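Two complexes come next, and they have one chain in common, chain A, joined by chain B in the first and chain C in the second.
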Partner chain A sequence: MPIETPFSSKRFLLALMLAACSVILLQNNSLSKNSSFLFELACMAAGLLICFLCFIPALMLRKMRGADILRLSTRSPAFIKLPVAVFYACYFVYTALYFLIPYTDMFHSKYYPGVSPCLITVVLLGCCVYAAVKGVNVVTRFGIFLFLFAMLTNILMFGGNLTALELTASSVSWQGNAGDFWQNTRYFLTPAFIAVVFACLNADIRNFRLRQPVCALFFTGLKYAAVLFFIRFAVGAYASRQEYPTFVLSRTAHFDRFAGVESFYLALATMSVFMIISLLLCCVTKAIDREKNLRTVILFTLILLAAYTVSAYLHSAKEILTNPNIFIIFTGIAALLPLSGLIMGRKSNVPTLVHSM
Partner chain B sequence: MRCPVRFIRGIITEKRSKLSLVILLKNSVKEIKLNLHTRFADSADLTIREITLKSTSGLTAAVITMEGLVDKEQLAQSVLNPLMVYDFGSMPPQKAAETIQNAVAAAADLLTFTTVDELVTYITSGFAVLVVDGAEIMLAAGTQGYAFRSVSEPESEVVQRGSREGFSEPLRVNMSLLRRRMKSPELVFEQLTVGSESQTQLMLCYIQSKVSGQLLETLRSRLNECRLETVLGAGYLSDYLEDKNTSRLFSGVGISERPDTVCGKLTEGRIAIIVDGTPAVLIVPRLFVEEFQGVDDYSNRTYYATFIRLLKYLSFFIAVFLPGLYVALAQFHPEYIPSFILIKTAEALSQTPLPVTMEVLMMTLVYEIMKEAGLRIPKSLAHAVSIVGALVIGESAVTAGIISSSTLMVVATAAICSYVTASLYPPIMALRLVFIVVGGLAGLWGIVLATAVVIISLCSKTSLGVPYMSSLSPFSLRRMRDVFLRVSWKALGKHTIRVQKFPETEVDHAH
Partner chain C sequence: MCRLLCIVCSMALTLLLTGCSNSRQIESAAIIENVSVDRQDGRLVYTFYRLTSGDKPWGISVSAESFEEACKRASEEYIPNLSLSKLELLLISEDAAQAVMKTDLPYVATQPFFSPVAYLTLCDDRTMEEFEKTNRTQQLIEQQLILLKNHNPSVSIDYLSVFNHLAAGREEGFPVAFIYSEKELKVAEYRLYTKKLTKNN
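Coming up: the complex of A and B.
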């Protein structure tokens, strides 16, 4: 049973930050080849700024109505409640698949080519069901341990590549055009999904401050910048020819004769995806049915599994499910939807939010 | 220490409230004798001595005791001798009983009562009951005297510095050990009875000003839910004290045999449960980080205590993960093992007939069997068994090529590390086996996922409403000074710890 005690917003935003950072682990290298490092940084800043803008409708709703979008919709008439629930359920299923597919692909291609990806998915989703049934609070508590592990992995990954760094005069050049800008910015928009998760779960947190999402996105930006920096100046052109550049970064890391940092990368990616899918399943539970969470979680896990199996055998389905444009549009709508709550909703009397802002 | 008279009176009062039918006596010695023989089925230890008092009206009385529970010398001096000598003249039975209570009996504790149920409780508690034929009241004299183990150092919690006293079996001795250390009137002992047949007495012990009222109420209600017929040890109650719907892998109930440890916990707002007949005292709520704290930590230098504590955490991780990681790396990811170790490990493993997972699993099970045998065999045989274990299973199995030396080293290291935090041995053992199997089936990926599930399980666990992983997750920076580190007493003394004030605790803070 989930623990219903209101929990710290710092921990919630930490979990969201980890979710945003884990995107970096699973992203394929789709940045423009012609752009320079500084240009990529500018694109990253623009991308993360848009991510922050996605937070604003949820923040306004919280401030003005004192509730998250899902809680507000449950108090609305059925003709509003049902479409909102269906939309968010679809969104979270899509998002879960959007991260699950590259993870299993990466796992299957880099680690265990002999194992069926469907088997990996079944085991992973089984574990996610257990976590999601325990509730958001417990998943965010898990986030603290994941944070420590992520710190260790990052230290090993970046520290192990320090000796390979080669900085040249061209490091500070500015190169790129408008087409590159959009291509790169789209790459950095993926973490925006955390704004939607925030919009759906923020009624359960206490002591929220505006600086918390700013910090979460700032540290996500730092992680992005560090990864880009090391990929460009330590791994170099080799990384651009490879899938999953962060994986390459972990593989090239070494301390004298000691290597094998990719095992830490594997562990971090696994636990991150586990946390993201668990969080998304928690969101689905909130969207559909707050009371019977076990039944809802199992039902949506089966839907996830079915969709994954279809994508494994039908390439066009996989294309749709991993299309970044569809994901960004979907995320944009999901992030903007709380604005409608400002027009329709009434001020909440939820006690957890009285002292929150 | 609470007066034994009040102590027994407490039991009686509680029992009265529970009894739906109270049998009123006519206090005929003959009837009582018949009643008791029927109740105790002519048990050999029921002793009823009938005596004729010195009186003109021919008063008779009976002294009822249970063999072995009374101090016969004390009984003779404080009850029988004065009774035989005193001249009751022509007193009626009721007046004689009152005179015995007020002027004759020399016992320090003397109680009056009226029912057979009370009589049974008194005699089974070591009291001598005096029944004057025809009187309305009966008298219970406190003449308890039974053999019990003296206060000695607990073998399971040995310390380098600090007290050598440990709890013993009698309830009142244990209460006195606590009261001697905690002279505050705020220290309260609250009595309950559990076990419909055994009628085991237990004491809830807490500091009135520090405990949470809601915590106390929750604990009482859980103990009242206990429907066991017999409670012969503290462990019988553990399951009733655990929170519902939380993992049972790690225990949310602490156990200690040391009065100083229990006193320390009481000052943090915890509640101790002393069960009669067992030296193990239960403490609730129990948190994960407490498993790594020891009495010696607070006596040693700060830097050394911190070092030892970090060693304990490291040992815990080695004990749980080492065999599983070894299996996963050897079977699925040998490329992650440094080459100079890999060569030797691969060479050793190639000479053994079993797969590495089976090898490690088998050795772990053999070790568990040897451990159980070692705990139970007589001391005179222990030396021989240890030689058999070390030479036959260790040396010979490696020489014969049945197991590899690296496997033996991994299993032995994990086994030794598991005793650094001895209270966590059951979950360590269970998790170790799980990780060996998971590592053998799914490699590092399986271990990572299993670890995630275990962490989720730990994070969702609560002990009487307090998150089991408190201080770590939910994180509390202020409480970190006594988690991985042990800061100086000056710094520790600045803030008081109340268990009900831990973040996200589901109990009220008031007492």
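Coming up: the complex of A and C.
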């Protein structure tokens, strides 16, 4: 059995928070155009509340069994172990593509149209393979650096738009209907994937406190609210005419004669997607085969690359891989699956894991 | 051994991904710094001014119905490597303002390569002539715009602000900058309405 290396839960939740925050960076007009700012905030609160509920099955499993769903399934009979492993492997591959495709699209259309999207993908996945082989501990260490860089970028993005803020009487209006509510809330449910990553890796973390996921989602909400606020009141109607409103926000940031911090924004988006995919590859490794780390990571990276290439040439495949409804349903099932671990645990009487330092 | 291989691969990748293989000399890249729009014989004429280090501007004039058509014609017929991502100023003559505001601004707002904070101003015919003569005029216009903005923050001097005001469609209109030339360049406010233009000062 491989030696477990427990790591700080604060660092892990920080990495998950950064992964959740990156969702707003890749936003491509996913929110309803008819809804007001306050309505969007309400949708965001509802979405993030559901995201928190997705953490609960994994928290219960950790408290009652001291393990995560993947660890429990590996100690179960083959007829349980195999479907769980296949399901989570499919989920993590799908999620990785769900973020990879919009990112490469954005990079290609906004920053460097001269380069092939497949080349960007190859380079990004190459870095992710290295990080995933090193393990979650190393990826979360990278999160500390990313956190500081994200702080700097956000300060530049928001500070540079402060002078352009234009608050009107409509700032406090309430506008939106049931359809808008569903569309917006569905978008704000996207960070729920961090609950699944947590569900699969939480047995390896120590010093866990319940307030940590709450804080992670709270700060994610703050970041979303700030971005939405500045897009709405500093960029205004111009943002709705453009793809990727957050990118526009970074372009409109200006300090005196110095204008545009889109390079910072793209670097942040790149590093965030890199961290998400690395974390997901770590989860895949754990779901499939924990002892042959490198081989599993390379295998799944090739699968990712193949699926990406198919999506680049087949539009219907791309639509399936970036469909928010499929993603939400998939995430819901993956987040709820640890509940079955409680039953599995009772029946098979799996012993509580003892971490070695 | 494995580490050495990784280092060699990383160095090779660093060299390959510099983008130098697809590079262009800055002189041949045709980076457009300013665009002026004027009306001549009833038709709109768009002049694309390239980024140059000299004092004399280098401009290509294209007659077209809209900015979209002008960009297309300019890149097809005159400037193959036209790049508008560094556009700093869109100078519009009084006569052309109506057409530009109605058709060109919505087009510019949908294009990812334009900077939303590029300056936009109206001007009189003499300023347009001055602009064609020397690059220094551009600097003077920018200085005047910044002064005006500092003096009156409600004046719209960039695309973003002008587009948002137009999209809001307020009846009372909104002020934009107007550059005029007497002995020297001066700036005034111009109240712009969705349907008609009225000079304020």
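What we mean here is this: the second predicted complex is superposed on the first by the 340 of 357 C-alpha atoms of A that agree within 3 Å, B and C clash if a C-alpha of one lies under 4 Å from a C-alpha of the other, contacts with A are read in each partner's own complex, and residues count from 1 in each chain.
By our rule, a contact is a pair of C-beta atoms (placed from the backbone, for glycine too) under 8 Å apart; a residue touches a chain by one contact, two chains touch by 3 or more.
As the structure is a computational prediction, the values presented were derived from the model and not from experiment.
Enquirer: Please work out whether A:254 is in contact with chain B alone, chain C alone, both, or neither, and reply first, second, both or neither.
Expert: A:254 sits against chain C, while chain B stays out of touch.
Enquirer: Touch check for A:173: first (chain B), second (chain C), both, or neither?
Expert: neither
Enquirer: Thinking of the overlay built on chain A, is A:145 touched by chain B (first), by chain C (second), by both, or by neither?
Expert: In the superposition, A:145 touches chain B alone.
Enquirer: Where does A:237 make contact in the superposed view: on chain B (first), on chain C (second), on both, or on neither?
Expert: Only chain C; A:237 stays clear of chain B.
Enquirer: Report for A:34: first if it touches chain B alone, second if chain C alone, otherwise both or neither.
Expert: neither
Enquirer: Does chain B (first) or chain C (second) touch A:11, or do both, or does neither?
Expert: first
Enquirer: Who contacts more of chain A, chain B or chain C?
Expert: Touching more of chain A: B.
Enquirer: Would you check which partner chain A:263 touches, where first means chain B only, second means chain C only, and both and neither mean what they say?
Expert: So A:263 only meets chain B here.
Enquirer: Under the stated touch criterion, which partner chain does A:123 make contact with: chain B (first), chain C (second), both, or neither?
Expert: Once the two structures are laid over each other on A, A:123 reaches both partners.
Enquirer: Identify the residues of chain A that lie in both the chain B contact region and the chain C contact region.
Expert: The answer is residues 112, 123, 259-260 of chain A.
Enquirer: Report the residues of chain A in contact with chain C in the complex, numbered from low to high.
Expert: It comes out as residues 109-110, 112, 114-115, 123, 164, 166, 235-238, 241-243, 248, 251-252, 254, 259-260.
Enquirer: What does chain C use to touch chain A in their complex?
Expert: Chain C reaches chain A through residues 13, 17, 19, 22, 106, 109-110, 112, 115-117, 159-161, 163-164, 167-168.
Enquirer: In their shared complex, at which residues does chain A touch chain B?
Expert: Within the complex, chain A contacts chain B at residues 1, 3, 5, 7-8, 11, 107, 111-112, 120, 123-124, 127, 130-131, 134-135, 137-139, 141-142, 144-145, 257-260, 263, 266-267, 270-271, 274.
Enquirer: Any idea which chain B residues touch chain A in the complex?
Expert: Residues 245, 333, 335-336, 338-340, 442-446, 448-449, 451-453, 455-457, 459-460, 462, 467, 469, 472-475, 503-504, 506.
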